[in-house]
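Worksheet for the structure shown next.
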Amino acid sequence: MPDISSPAAEASAILLIACPDRKGLVAAVSEFVFRHGGDVVHADQHTDEQEQVFFQRVEFRLRDFDLGPNEILPALAPITERFSMRCDLRFSDSVARTAVLVSKQAHCLYDLLARWRMGELRADIPLIISNDESNADVAAQFGVPFRWLPVDPPSRSVQEEAMLGLLRQADIELVILARYMQILSARVVDLYPQRIINIHHSFLPAFVGGRPYHQAYDRGVKLIGATAHYATTDLDQGPIIEQDVVRVSHRDKIPDLVRKGRDLEMVVLARAVWFHLNHRVLVYGNKTVVFS
Amino acid sequence: MPDISSPAAEASAILLIACPDRKGLVAAVSEFVFRHGGDVVHADQHTDEQEQVFFQRVEFRLRDFDLGPNEILPALAPITERFSMRCDLRFSDSVARTAVLVSKQAHCLYDLLARWRMGELRADIPLIISNDESNADVAAQFGVPFRWLPVDPPSRSVQEEAMLGLLRQADIELVILARYMQILSARVVDLYPQRIINIHHSFLPAFVGGRPYHQAYDRGVKLIGATAHYATTDLDQGPIIEQDVVRVSHRDKIPDLVRKGRDLEMVVLARAVWFHLNHRVLVYGNKTVVFS
Amino acid sequence: MPDISSPAAEASAILLIACPDRKGLVAAVSEFVFRHGGDVVHADQHTDEQEQVFFQRVEFRLRDFDLGPNEILPALAPITERFSMRCDLRFSDSVARTAVLVSKQAHCLYDLLARWRMGELRADIPLIISNDESNADVAAQFGVPFRWLPVDPPSRSVQEEAMLGLLRQADIELVILARYMQILSARVVDLYPQRIINIHHSFLPAFVGGRPYHQAYDRGVKLIGATAHYATTDLDQGPIIEQDVVRVSHRDKIPDLVRKGRDLEMVVLARAVWFHLNHRVLVYGNKTVVFS
Amino acid sequence: MPDISSPAAEASAILLIACPDRKGLVAAVSEFVFRHGGDVVHADQHTDEQEQVFFQRVEFRLRDFDLGPNEILPALAPITERFSMRCDLRFSDSVARTAVLVSKQAHCLYDLLARWRMGELRADIPLIISNDESNADVAAQFGVPFRWLPVDPPSRSVQEEAMLGLLRQADIELVILARYMQILSARVVDLYPQRIINIHHSFLPAFVGGRPYHQAYDRGVKLIGATAHYATTDLDQGPIIEQDVVRVSHRDKIPDLVRKGRDLEMVVLARAVWFHLNHRVLVYGNKTVVFS
């Protein structure tokens, strides 16, 4: 596991800031970075005027920066305190230990494993968990440990305990529900706040819950969608990270919706995971700011 | 009002057929058209396998066709009876007398009037009705009679009576709810089955009812949509004709959603109206077949 | 014509900045705004790493700002000089005097006039010029002076002289080529740098030049597009402001491409004009930064 | 290799027809299918009015059809001759032996292999050929024979001879150029007419040739695209099967275009391959009819 307090010299640091909106915020942060020799690579900010909350993402090169990784937050403390900031510090070369949870359908799993192998994701994938044995072969193809944890209503509590043990043991920081057709209890969700990404196969909030393609077919919609969001204890209600749609017509039967939807699910989930791993997502209330 | 039984010689006839799916349907209809000298310009068909219903749209040139406009359905009767067909006959040069109902927002009204003036729609627009006086000027710009019918809950019944009188008097065949922010009662809706097209400013079934852009903002969606559908007595539940979406981000405040949504509403409504006026929509149950 | 040096108290000021990328830029500008009591409404920035150019758009409220409109740039001079900035100052309530040039097709003209009438554009439209007389009626509907300037190759120079006279006389700041099917000479283009917006009915750089829908049909593309760009002396080569596409199929004949394309052209042009009028476009080289 | 003349009883037959447009065509074909007890599952047709060519795809169940697979075309001969039809007969359960050619980038290769493994493609993949050794591991993961055929200009002829030998030996019916960054000579292309599918990483005809993302970046486009087409001897000029685009902005540097483009390439190529394998593509001239 990479030591995130030891970024490489050529890496950059990322500050993710949220605080009540006040004058002088941008000046204070940019002056801080400038004063310590930081070279801003990317800066983006947003003010939610309704909630009067200010968000900022500042990425700056560590080369020539006169503070060490562990000195940054302490040095920034006067500013974070003055403006009541919530401030996260990340490094561009961090690698998140990631578990993929999957049921029977393998398309998102295949897609994530391929992206990981091609080096597209700033993640390591040391664990795949499934309630269905069928994807053990996929895991084996990519050399990733696979754990089969079958589940039925009476055993859910025991199964989740085993799952939590596996996640802890593998030092998992991010959990991806890659078409994992089980609802996680609050016990699991609360342990990984904003660190469980789910893909739902509809354009939320349309077609919450089970069998959304069947629901879409019955309603006669002309577009179907997919939604990647952080899991919360309310089913399909968590903060949305990314969505997209594809056109369908009366010609498309349910298997066609499923087929067209698969491509959407893969791409929407992959984009959301990329945003997360590149420290581009800020959550507030039940919404996200995605600095894309 | 054009006499639809007298299409021009260079016009074509359109058969819209729905019936239980059985072998020999396509052969029977195409053989009929061929035997009478018809030249098929466009043919499209669809089978809903779940419902076992067959749909067909056949358009053929009247030039060289050996039956007069009024002789076609009688001559087809043996086939329609044998296959229990519901069969509509239309002509490509028909012009539908159309009323536009609007409240305060004028963008869909402007758009429809401009398309009508440019000859893009097979419609005539002899009547604009509004519960808000503000669009009288728009109507005057385009020389269309404008009727102001203010409405409040106690007066709704009286107002609808007046509206029905105006629609009847102007021989209206199609009613377009171009952001008409009132719910029509069953009395009105039932008189114009599949002849009232509404534009709802969300991606249905998400955000049914009032203030959908506010709902979308609160939910934090990454795309907003618009839906054109036939009005039924269930609010926002009628058969969907067309939908589309546009991307939004955390940067978009409610006025931005409203602004981006306006363009969607215009285009989605205009496409739905065009499909309807070109006899490309077949309704069954609560869904549409759109032969686009 | 509004006096742009006299914005209303509730307006905001917009700084559009471009300069060589250097450390301390953001800190200097944000500190300037903060020091004078400005409340940043919106800030966005971009660094073109290849060209090493920095761009920024800062919008701040004038209420509580301690400098008058005419004092801002002089007070900022030490910073603009130190960083070799190109810096434009705009005000959010400015209204650009705009001329629309059009040939025979009226859809973009209608659309722009309707948006103007509905108050969607920060523009006034005191002049419509056409090489075709047919749109005089449209202009009359909206009460806008219409000038017919027919053109043929030998008369082009005379016609352009007349056009320039009309533009000058009406104090025109922005020229919109709303399907104006004539090429403007360098004489005209050079007088209105980055102030002539053209809509081209293809996805540039595909299908440069004449009859792009015919070219698209012949090539068998599966999507058609539209492109809004600043006119330069190179035909269809100017900086692109906005583009979009719509799906087509083998079923779409050229008139269908034209019809589908019209909606695209309207929407793409309107978006580009909105970006321009809201001071969100920065041009550099042959590209744009659009702070959307 | 499946014997395509022995489809399973529950399979369906697909007729792909192209001929000069004449009256009675549809009647003749549908009557033929009906007379022999065929149950039409799907029928679609198209007339290119400019070229006066008629296209039809008819899919009917073999259950209850009174002709054997090898008897269908002979029985249809009177009709095909009378109407000068080009008529292909396919079966829904055929499985095309497919070779994937790839260079260094693996994303399309991974995607196709995963789809194949999940049973999404009616294909078998017994051969991967690359001019770059790096993807041998990917092939091994999926248990597919991998052949490394390095190429440089002087050796191209020898390399292509070896390639043709491998394709023949493996009874290859379809060749997919999954980001194979080499131009195939006419010798190869002519042996596999309409059976080589290439993915080009631009919205053709924009950015033909090398480094299209660099070209797109330099032009400052607001959308990037991908195009799947049949390879012909003219580079990037073959009949287009499928295209799509994704939005980019000034924030996207070339690596971002490459990253966003990868997802497009995967999905666009996969759709084109699916259309091809499901017998939904008809080529005429340099265009395609895709019955989607």
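Order as written gives the chain letters A, B, C and D; numbering starts at 1 within each chain.
Note that a contact is a pair of C-beta atoms (placed from the backbone, for glycine too) under 8 Å apart; a residue touches a chain by one contact, two chains touch by 3 or more.
For clarity, every value in this text was computed on a predicted model and none was experimentally measured.
*Asks:* Would you mind working out whether subunit B and subunit D touch using mostly the same residue numbers, over half shared, or mostly different ones?
*Replies:* same
*Asks:* Taking CA centroids for every chain, report which one is farthest away from subunit C.
*Replies:* D
*Asks:* If you average the CA atoms of subunit B and of subunit D, how many Å lie between those two points?
*Replies:* The computed centroid separation for subunit B versus subunit D comes out at 37 Å.
*Asks:* Find the geometric centre of each of subunit A and subunit B from their Cα atoms only, then give the gap between the two centres in Å, rounded to an integer.
*Replies:* Measuring from centre to centre gives 42 Å for this pair.
*Asks:* Quick check on subunit D: which residues sit in contact with 2+ other chains?
*Replies:* Expected reply: 251, 292.
*Asks:* Which of line, ring, star, complete and other names the graph you get from chains that touch?
*Replies:* Chain contacts: complete, every pair touches.
*Asks:* Using the touch definition from the top, list the residues of subunit D that touch subunit A in their complex.
*Replies:* 106-107, 110-111, 114, 117-118, 120, 138, 141-142, 251, 259, 262-263, 267, 270-271, 274, 292
*Asks:* Using the touch definition up top, name the residues of subunit A that touch subunit B in the complex.
*Replies:* On the subunit A side, the touching residues are 46, 48-50, 55, 203-207, 219-223, 225, 239-245, 249-251, 253, 286-290, 292.
*Asks:* For a test of understanding, state which residues of subunit B touch subunit D in their complex under the given definition.
*Replies:* Those in contact with subunit D are residues 23-24, 26-27, 30-31, 33-34, 37-45, 47, 247.
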